[in-house]
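Paired with subunit B in one complex and with subunit C in the other, subunit A is shared by the two complexes that follow.
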Partner chain A sequence: MAALCRVRHRWKRTNCIKLLTRNLTGTFDYDLVVIGGGSGGLACSKEAAQLGQKVAVLDYVEPSVKGTKWGIGGTCVNVGCIPKKLMHQAALLGTALKDAQKYGWQIPGPISHNWSTMAEAVQNHVRSLNWGHRVQLQDKEVKYLNIKGSLVDEHTVKGLTRTGKEIMLTAKNIVIATGGRPKYPTHIPGAVEHGITSDDIFWLKESPGKTLVVGASYVALECAGFLTGIGLDTTVMVRSIPLRGFDQQMAGLVTDYMEAYGTKFSWRSVPKSVDKLASGALQVTWTDKQTGKDQRDTFDSVLWAVGRAPETKTLSLEKVGVKLNEESGKILVAADESTSVPNIYAFGDIGEGRPELTPTAIKAGKLLARRLAGQTNELMNYDNVATTVFTPLEYGCVGLSEEEAESRHGKDSIEVYHAFYKPLEFTVAERDASQCYIKVVCKRGGDQRILGLHFTGPNAGEVTQGFAMGFQCGATLTHLMETVGIHPTCAEELTKVNVSKRSGLDATVTGC
Partner chain B sequence: MSHYEEVKVHGYDEFSKAVSERKGKDIFAYFSGDKDAQGLSWCPDCVKGNIIILLRGEMFHLPEGSVFFYCQVGESWKDPNNEFKKTLKLSGVPTLIRYGTPQKLVEEECFKADLVRMMFTED
Partner chain C sequence: MQWVKICRQSLSSTVNTTLTVALSRHKFIRRSMASDAITRFDFLVIGGGSGGLAGARRAAELGATAAVVESHKLGGTCVNVGCVPKKVMWNAAVHAEYLHDHSDYGFDGGHVHFSWETIKTKRDAYVSRLNHIYRNNLDKAKIETIQGHARFIDGPDPTVEVNGKKYTAPHILIATGGFPSVLSDNDVPGASLGITSDGFFELESLPKRSVIVGAGYIAVEMAGILSTLGSKTSIICRQTGVRTNPGRHIPFMYPTNTVFRGVACTRGGHKKACLILFTFPLQVLRNFDTLISSNCTKELQNSGIELWKNTQVKLVSKTSNGLLEVTLVTKDPEKKNEEEKIGTIQEVDCLLWAIGREPNTAGLNLSQMGVDIDERGFIVVDEFQNTTRQGVYAVGDVCGKALLTPVAIAAGRKLAHRLFDGKEDAKVDFSNIPTVVFSHPPIGTVGLTEEEAIKNRGKENVKSYKTSFTPMYHAITTRKTQCIMKLVCVGKEEKVVGLHMQGIGCDEMLQGFAVAIKMGATKADFDKTIAIHPTSSEEFVTMR
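Let's look at the complex of A and B:
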């Protein structure tokens, strides 16, 4: 309610100021200028254009330290979700080929993976997506400018072309959707000179070889996961805990599976330096925090996955008065994506407190465009967003982690139902399903409202999506129990969950 | 003298051979249904007067030293497994492609001068 009131007043105030400005200076070049052509920026600009607004979108990719650059579409299309999922698929197919023999397939000789073949195919697909976006923008009459945008004042954006030419654009409203880029641990000698990040891994023409992945975020684990899956010697270096912010029991199952499947983990380790040897290999020295001793090993590649930084440095935000969160550096935004400057908005990864996800950026962008065109007052709902971590054993979830539920409601007010299950496909393949697990965190008593739902297993994303809708509708354990499962699937185990953690009973699913 | 080379070919083998003779060049190709002596075609859209005029109008934007192929697909098109479909992944005619890249314009997209220009001028 308060947020809506704020929006109304601001709109009234802005309207007055804008009327004044327009009378003094005439009309603006554009109704809307969007800085950033990623998942959010493109969705917002296309929607605005469809609603009859005159829109321009500025997209510019500053090459990575290693010189990697890419086309329109942002992180998701070029150096995130899309190439990640394709390489994850490549790795899963490797496992499937091994399983295939148990299912009767005669595979002559050892199976090996060719990085260049996979990389070329993935890169070609990404390029076709870049082209698709270009055609769509042209089709929807969105002006696309491959220029680096920055703010001059609240209605003016300055653009710098690759050749250094300056372009000025005026706009009624400005939207910032510049997202983020991977961080380098600049305090570690050799880190910048010798390491790569997720910006580079998907565009390598040659195999990264024996790789050290530093970090324990989903970026780190997903990358390490597919690298292991395609047959590369991979080590993950973790400072403290894996998947910070996620349910820690589930995070443990994810890493346990990875360890069982060949990914090496260096727990409680902090890198100290990276040196390049005469052979070209990288020697990494790190401190084992448990023993206090230094260790050393050589790798072909070092992949830093130690967090992402918002792309705000070159936007000249301070000049115009757009306030940032001091700690994260992200732009402070209200429920309607507005910033501290009336007609400037920011959303997607750049917004403080926002999920760093493509679907939320897309939806928020579309709603923002509709609000700016006066078509709706609807705000983006950032709650109940389902996600999946595409590690070798995938982990899908929606709602609260067990820890978060405990913290909000108290341990005595929640009931956690769980089950260890075995996917049918694993049986013939003689695969270990020890980490295939389901957890439904509920409010205790009554219909037992579901607070959080967690699933590790094959196709976790596909499994979780449907249950996310139930969650959005306020599903209770009763609803879950009343749902008849589809047999034989892994997903049906969610409808059969009945053993609570509190009971202390064995949660292993037995037979049909 | 134009800054690009224009090549007319008929059928997949001719196209393939002409492309291999021009390795390293920036190649654009317009695939169309065959035209008979009267200029009629089983694919009326492909030979519609304005599409050819449109393409001609945009050729000014072709990069220096590039090659523009005008390729009639020939009778083999009737076969669902023809080389154009299999190897070049053509889904229909007319299609305009930038050879070796995912850049392509299919059917109605070919009729938009701004899209054609975008393909010719894209880096």
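Let's look at the complex of A and C:
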């Protein structure tokens, strides 16, 4: 005990000395300390190290309410994009099994899906990525510290290890990239005790079984989509509208398709309570806002996908004066990612008004590192960000939604070209393609510059990237028209759109 | 008589919009004389394939009276024996690959069996449905469909005879397409025991043992489908060879985007003897960027396809069990002293020649018409699709340039706009045509290969960016394929002049990038674009 006290004492002393020397000499342990080892934080720290900076990155995962924890790499790698896309892929293979029979494959007997096989494979892949990130940090000579960081002053970060040990780090610049975590509706009785979130779903050892997904964000729809796809009874409970912020016609197509492929929707419903029955099943009570009546059903799992909250609680932001947006709790940031305190920067999901997307965080992180190293003045451009929702029918888009284009430019100043097309892979498989749709929102008149481009269909992610690039270059409708199509693909339909909504003509594509 | 005069006038002037539009108001004007009835249209199209149908429909939309002559089924190569049924079969094969991966993704299932008969029936039904749709589209557009073989006959105005009836128009479009080359039994004894891609679509069952001769994209696609569906498959490809003009025989694959790069003949129908140097591939798809051809060769071999290089078919014979025995000669031209090696492949039930395509001009009587063809038999056209005879045009495969459906469609439509919409400079831009090869995994390519860029701009002005990775789909599968990507940039501004890739999803990835490249995108534009995560295509905008 005495020894322990001594060690503690020594720590305190060294830390004090450290702060003192820093204040006297103006030298720091590091050029840059990054708090948060997610997509953005890692990209920023690696870039800085490559530019010759001395860098440390702090990553610490607070286990979820259910006790799920994971390694370095942040949301994307552990509980986001990567496991989500792999499980989406599994679901697509489920659909492919049905299609395959139409394509001449005779598959005897019923096919079942084994959650553990899939989850284990996905988890192993995630672990290999965790490992890959650590190797990369080592290669690039970034100091990795598995500690929880908080701010002491504009140059000092205090780290807390799992065992409660404190470490002081001083740095010329501090970057906060701690991202966010899923929210729980704490006002609903039983929600926290009996519910899970996207932090848990990918790490479940056993199948979640019959699942209620509450929320209609892309996280909710993606999760519900893959759960349905691997054969689970899945219901989505929606309070108001699906995919808020996205083009609502497209959002409707996405949910229509999901309904057609077996996902149940409980529209305009608000959950009231979750109770665990003696059988272990979860009884959920909700209010149907249309009828005003309460309804009840039992589920094996309840997944809350009701939004994400920034991870700011343990950072001691108030102590050093870093200003937050009071409503969202996110850090107020300028165009150069600077906060209200000099030398402290923040970006990624935690930055107020920033898109919650991995690629923007990576890019912003790299640019920030370059600016801090004095390599460039280039700022991150958050416009024209393309994105894809990996629902059973994928939806890719770039630019404005039709609603947004209308409100910005006026209904009379935009022309919307659209097409309902049938992917060739759907024909032989005898699948309904009524939700495969393309919408190109253009400025009316002149060279009809494209304001927004929307695509639902197979491989939307792969289709959208190239068009996002054309969009970035300022593409017009003529540019689309003048590009020779690639036959037979779904993407070629984008070069063939010619029916405007205004014309009222039938937008169904016929023949080649 | 008045309108005959108008007709003449509009013939003499290449484009006369007002008159033509005025003319078009007279629907199906027929001028009958007792013995010599000639049916007249504004626009007569020979060939109901992609190019011809697109041209006729657009012309009709613009007010012209139009007719289409078709001797076979509507839809042409693409719909009946090309893109469409090919991609259906490719999809069936992709399902075979998925089935391998199902257990890795957690699906437990029994032993699967493939029924060729099922897919053949469904495919045929789908194609018939399309034939029907095309016919309806023509009817709806009030375009007359004339069934039969067209032949130009003598006369002051270009006139066409079909089944003894005569048809004419001030504007006649030849869009008869092409057909797969075959070798005669004189060239290779027993060659006629083999089939071509046309015959592939008639196969009633999955061949057990397939031999594909050729190394172009059709050979690669056919071999990929057959092998993936479970047929033991070999590809036979020759190497370097010099031969004189083979006349109508072009026993080689045409590259898909820029055709006949290796041909040293002058155009314009001069029948001068010329020497053609064809460099046969050591690898498949030699006209593609070397990264693609070497990777595709590797993928073919990895998937279990046997590749016979420097090899030609010498003899094909039918054995008593009804199967074929294919005798092959292998000789590496680099090793001059080495003896030829003779090999055989036995019990072959599908020998498929994929050695090139030829124009469908026989029987048209083009020589009498003053419509020039080149040494290879393709119709000579200028950039506006004009042939050497005024009032006669040609689009699509019959012209031998960029044998692709969307190119023919674009050419047909542009021509219609030029003739009937007063758009005098409407023409197809043949640069940066994106192409996909439905191999396993698929290939996408647009613009120049690195070799071409270096040749055009000099090595010091060309910079290429490459990447290769295992797509995330394979993160949890035991079966793996690679995704390779290359950007070819030129000049200080690093303008992207070529984009080449092979990997899962590349078929759907290419189109958007093709738009950007056509717009003149630079490497900096790629860098400026935010990635879509997690996709394979994002690698193009994060390349360093």
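Couple of notes before you dig in:
The criterion applied here is as follows: the second predicted complex is superposed on the first by the 486 of 512 C-alpha atoms of A that agree within 3 Å, B and C clash if a C-alpha of one lies under 4 Å from a C-alpha of the other, contacts with A are read in each partner's own complex, and residues count from 1 in each chain.
Note that in this section a residue touches a chain if its C-beta (ideal position, glycine included) is under 8 Å from a C-beta of that chain, and two chains touch if they have at least 3 such contacts.
Everything numeric here is computed off the predicted structure, so don't read it as measured data.
Model built by superposing both complexes on subunit A: subunit B and subunit C fit together without a clash. With both structures placed on the common chain, the touch criterion links A:Ala100 to subunit C but leaves subunit B unconnected. Of the two partner chains placed by the overlay, only subunit B lies in contact with A:Asp139; subunit C stays clear of it. In the superposed model, A:Thr510 makes contact with subunit C only, not with subunit B. Using the contact criterion defined above for the overlaid structures, shared-chain residue A:Gly396 touches subunit C, although it does not reach subunit B. Judged by the touch definition given at the top, the superposed model places A:Trp131 against subunit B, while subunit C stays out of reach.
In the superposed model, A:Leu227 makes contact with neither subunit B nor subunit C. In the superposed model, A:Ile350 makes contact with neither subunit B nor subunit C. Subunit A has more of its residues touched by C than by the other of subunit B and subunit C. In the composite built from the two structures, the nearest CA pair linking subunit B and subunit C is 9 Å apart. Residues 124-125 of subunit A touch subunit B in one complex and subunit C in the other. Residues 124-125, 127-128, 130-131, 134-135, 138-139 of subunit A touch subunit B in their complex. Those residues of subunit C that touch subunit A in the shared complex are 50, 53, 75, 78-79, 83-84, 87-88, 91-92, 95-96, 98-99, 101-119, 122-123, 126, 130, 133-134, 137, 404-407, 409-410, 428-429, 432-436, 444, 472-473, 475-476, 505-516, 518-521, 525-526, 528-538, 540-541. By the touch criterion given at the top, residues 101-105, 109, 112, 114-115, 118, 122 of subunit B touch subunit A in their complex.
For subunit A in complex with subunit C, the touching residues are 76, 81-82, 85-86, 89-90, 93-94, 96-97, 99-100, 102-109, 111-119, 121-122, 124-125, 230, 357-360, 362-363, 381, 384-388, 396, 424-425, 427-428, 458-459, 461-470, 472-475, 479-480, 482-492, 494-495, 510-512.
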